[in-house]
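Take a look at these structures.
Okay, so chain A shows up in both of these, paired with chain B first and chain C after.
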Partner chain A sequence: MLKTLLSGDMPRAPILSALLVVILICLALAPFLFPGVRSVDTAARICIFIVLVASYDLLLGYGGIVSFAHTMFFGLGAYGVALASTHLGRGFDSLLIGTLGGAAVAATLALVIGLFSLRVRAIFFAMITLAVASAVAVLVSQLSGLTGGEDGLSFKIPRALGPAFKFADGEIFGVKANGKLLKYYLIFGACLILFLLMLRIVNSPFGRVLQSIRENDFRAEAIGYRVVHYRVAATCLSAAIAACAGALYAIWLRYVGPDTTLSMEIMIDILLMVVIGGMGTMYGAVIGATLFVLAQNYLQNLLSLAGDSVATLPLLPDLLNADRWLLWLGVLFILSVYFFPTGIVGRLRNN
Partner chain B sequence: MSAAPEHAPTMARLSVGQRLGPYAPVLLLAAIMAIGHLAIPATSSWLTLTLSGLAMGMMIFIMASGLTLVFGLMDVINFGHGAFVSVGAFVGVSFLLLLEHMSGASSLTLNLTALMVAIVGAMAATGLMGWAFERVIVKPVYGHHLKQILVTMGGLIVVEQLIIVLWGPEEIYITRPESLKGAITFAGAALEKYRLVAVGIGIVVFLAMRWTLRRTKIGLIVRAGVENGEMVMALGYNLRLVFIGVFVAGSALAGLGGVLWGLYQEVVTAHMGNQTMILVFIVVIIGGLGSVEGCFIGALMVGLLQNYVAFLEPKAALISNIALMVAILMWRPMGMIPVVKAK
Partner chain C sequence: MSDPILKLEGVFTNIAQYHILQGVDLTVPRGEVTMLLGRNGVGKTTTLRTIIGHWRAHQGRVLLDGTDITGLPTPQIARAGIGFVPEDMGIFADLTVEENMILAAVSGPIDQTRLQWLFTVFPALETFWKKDAGTLSGGQKQMLSIARAMIEERTLYLIDEPTKGLAPAIITTMARAIKELKAQGASILLVEQNFAVAKALGDSANVMDDGRMIWSGRMSELTEDTALQERLMGLSMEAH
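Let's turn to the complex of A and B:
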């Protein structure tokens, strides 16, 4: 049963299995285990980023293609939901239409970019996605009539997902039985399904071909697989799933804006999560996203403590400033590409 | 004895299309200028826009040339190239601020001296940094594109953050040297002096680079290395050393581009390098990765198109460059002047 659910791709390491189970339980019971607005918000962010990072890993770790447009696809889904909810009125049908529309646009755009760049050289893809993604980000902030520009869009989600909606009287284990709880479980369930779906994809024959292309594209072509078709298909799939993650993020925040969905910073975050967690394995996305989001929310405080403790020394306080944590992540990122290219999961599996 | 088979060789001239093929990129550039003139009827505005387009193109070329050569020579793609642009701009601006009494004086000689000091300082700093970058970041990941992209992107993040640590998070506003402010009037068009200087520097850099690549021994080795590196190494040249030289030179040029770009925008930020990299990538792709001439023509095209379109329809400026890239990739998938690898 478990094996079917995980598509035969077991964690294959005791510590890793334990970690995954702990993460699953914590996320599944987050509203009860960690009541409080901030911690539930963190849990939802972790769920969504696991899907987003896993969809990026589908491209980077399995396909061996570097894309810098993943936030663009993420944003397309988010803006799809926001626009549908604004123009079609609040309701589950507009959420669905927005999600599907965003995913379709993302997949189409990925198809076009993929056909243009991947047929020549896989390395073009990285550069072209970087250019297209920044152009789209600029465009979104300029077309303020449609997208709300820099301010973004706030929109209404169905009443059943709001805090004012009570689906039962009183409390369940000390947690108010309101729409917010439903919304968390909607996000959690959708993320779980998407994650298992991706696990299914990478362990299918299609996933195997992708891996063989990553290892040696020339040989894969010689064996008879159309490398370009597989790479483009992986790009489209990954874009569509990223758009779904974006739609979930928009539903959770009830807001979209360039900073929350399209910015280069999020792209760098995704890269860091994939590399630190472990490229080429879906579980790497789980570990990477969880660690990173937790660190983002709680480690920055620690860093500012460290900064305060050396306040009298020259330069060091600046280096340890909480705003400079990207610096240390960058160093960590370079070191992990050199020394742990398989990330945390690869390490755990080797031991 | 049987008769010779019937065959009538013809000495057909190459068709016009075939003869024009090699010049197509240059013609396309001229076509963009001509179409720009048709779309912008007022000659004075067209002249102003053309000059600023050329100036922008020259600066992008200066930044992009190192990147394209580094790729051609060693198949190394440096996503951290933008870091050199930012560092060059910050070092140059710091020198200019130090020499404010010189750049603020109303003497052309003093102004140019201050500018030269800033440029040389910035190029030295970024050249040195390029050397360190090559040693520390790029060297361990030769022949591995995926890791190169990731690691150099990491390097970019670290350098951007270090700039913020050293110079502070605020953007720095800078005024141009006194005698480079303002504009001269030519045929009713206001031509900014600074843009003329930028175009001049760009042409000098391009000619110097062309001369080095075509007329010197080191240029010969570099060109041969781009075409077939293994053969050059087999002939006994230390291509690694040449490569480090090219990397350092490319980084120094990126620093020069950073100073020029910073003075052009009159403001420098830690992220400016990464922002210009978008145009730089478009340019190296449409020019053909590894080709300096292609990079030059591509940069001018992008600069001109950006300025014309920004004048006609501001919101479409960035999209126009993407459209140009798409059109050129449809026409020549390897870029306008593809580099032929003898492998």
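Let's turn to the complex of A and C:
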């Protein structure tokens, strides 16, 4: 049963299995285990970034294709939901239309970019995606009448997903039975389905061909596989799933703006999460995204506590100042690459 | 003699500014092992890669079973019935032996009877069936590379230096595999530097030099004539 659900791709390492189970339980029960606004928000972000990072790994880790346009596809999904909800009114149908529309536009754009550039060298594809992503980010900022420009768009989601909606009287295990709880489980459920779908894709014959292309594209061609077709298909799939993640992010935030979905900063974060977790393993996305989002949200607090505890000592309080959290995040990244060159999952599996 | 399975007519291939093949003519008879011989760097590998479509012939024609395949994309040429074993083996190291074989069976699921036959030819494959191909030894990787080409019946096999750097016991296994393939009626174009293997396997031989075919004939003619060997390749087969 579990093997079927995971498409035969078992974690294959006891520590990794334990980590994944802990993460799954924490995310599944986040509103009950950590019932604060910030912690539930972090849990939702982890869910969404797991899907986003896994969709990027489908491209980079499995297909060997470097793209800098992943946040653009993420943004297309987010803007799809925002625009549909703004123009068609609040409702689940708007969310669905926005998500599907965003995913369709993302896949189409990926198809066009892929057909034009994946025939030639991989570096050319990377450059094209960088150029197109930058152009779209500028376009979104400039078309303020449609996209809200730099301010972005705030929109209304269905009442059933709002904090004012009560689906049961009182509380469930001390948590208000409101629309916010429903919204979290909508995000969690959708992310779980998308993740399992990606596991299915990478463990299908299509996924195997993709891996063979990553390892030796000429050999894959000489066996009889059309490399460009497979690469383009992987790009479209990855873009569509990233757009779905973007749509979920917009639903969670009820807001979309260039900084939250289209920035190059997010693109770099995705790359770091893939590398930290381990390329070419879907589980790497789970570990990478969880660690990174947790560090982004709680490293500052941790440093503040550490700084306070050594307040009487020289130099250390300055080094552990909460404002230096980005420096320590960088140090953690360097250490993780040094000690886990194949990513955390790669290291755990090799052990 | 029946129609040849493969014919190259005046093939020229350039790689960047280098003129590698300069009018290659080659005939591969049906059901035979045809040797492609010559010193290093004379264009043997480029000839195979031009046939499979990795390098484009900018002049001349490549005919497979009478059909012009010049300029066709590599996957189309492969699916037309050519099994290619490159010199670097080209195994997919991160995939298991099983996955490598599944990938090679492009027409559909693996034919179990043929797989069992392959296990008798290369017993190591069955032993390491679930192992990552990257963990195999050099000889086992070469076996996998050839087995991958053999997993489906092909019209023609292009095999590039299958015994290079291998231990004598594994060379014997390779030679036996090629003989079994031939016994099934397959046509094989084989690049080989090991003259003992070439002598044992070849029905006909073609010698290249400087991007051209300088001699074609029966293998027996070449093996019997030491002076011819020295003139064509600068060395004698007897020395090997």
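As a working rule, the second predicted complex is superposed on the first by the 309 of 351 C-alpha atoms of A that agree within 3 Å, B and C clash if a C-alpha of one lies under 4 Å from a C-alpha of the other, contacts with A are read in each partner's own complex, and residues count from 1 in each chain.
As a convention for this text, a residue touches a chain if its C-beta (ideal position, glycine included) is under 8 Å from a C-beta of that chain, and two chains touch if they have at least 3 such contacts.
Here the structure is a predicted model, which means the values were calculated and not measured.
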item: First, second, both or neither for A:I172, with chain B first and chain C second; value: neither
item: Contacts of A:I193 with chain B and chain C, given as first, second, both or neither; value: neither
item: Which of chain B and chain C A:R119 touches, first, second, both or neither; value: first
item: Partner chain(s) touched by A:I334 [first = chain B, second = chain C, both, neither]; value: first
item: Chain B versus chain C as contact partner of A:I223, first or second or both or neither; value: second
item: Residues of chain A touched, compared between chain B and chain C (which is higher); value: B
item: Which of chain B and chain C A:A18 touches, first, second, both or neither; value: neither
item: Residues of chain C defined as touching chain A within the complex; value: 52, 54, 73-75, 78-79, 84, 86, 90-95, 99, 102-104, 106, 148
item: Residue ranges of chain A in contact with chain B within the complex; value: 60, 64, 66, 116-117, 119-124, 126-128, 130-132, 134-135, 138-139, 142-143, 264, 268, 271, 275, 315, 318-319, 321, 323-324, 326-327, 329-331, 333-334, 337-338, 341
item: Residues of chain A that touch chain C when the two form their complex; value: 205, 208-209, 211-212, 215-216, 218-227, 280
item: Chain B residues within the chain A interface of the complex; value: 77, 79, 137, 140-141, 145-147, 149-151, 153-155, 157-158, 161-162, 164-165, 169, 274-275, 277-278, 281-282, 284-285, 289, 315, 318-319, 321-322, 325-326, 329-330, 333-334
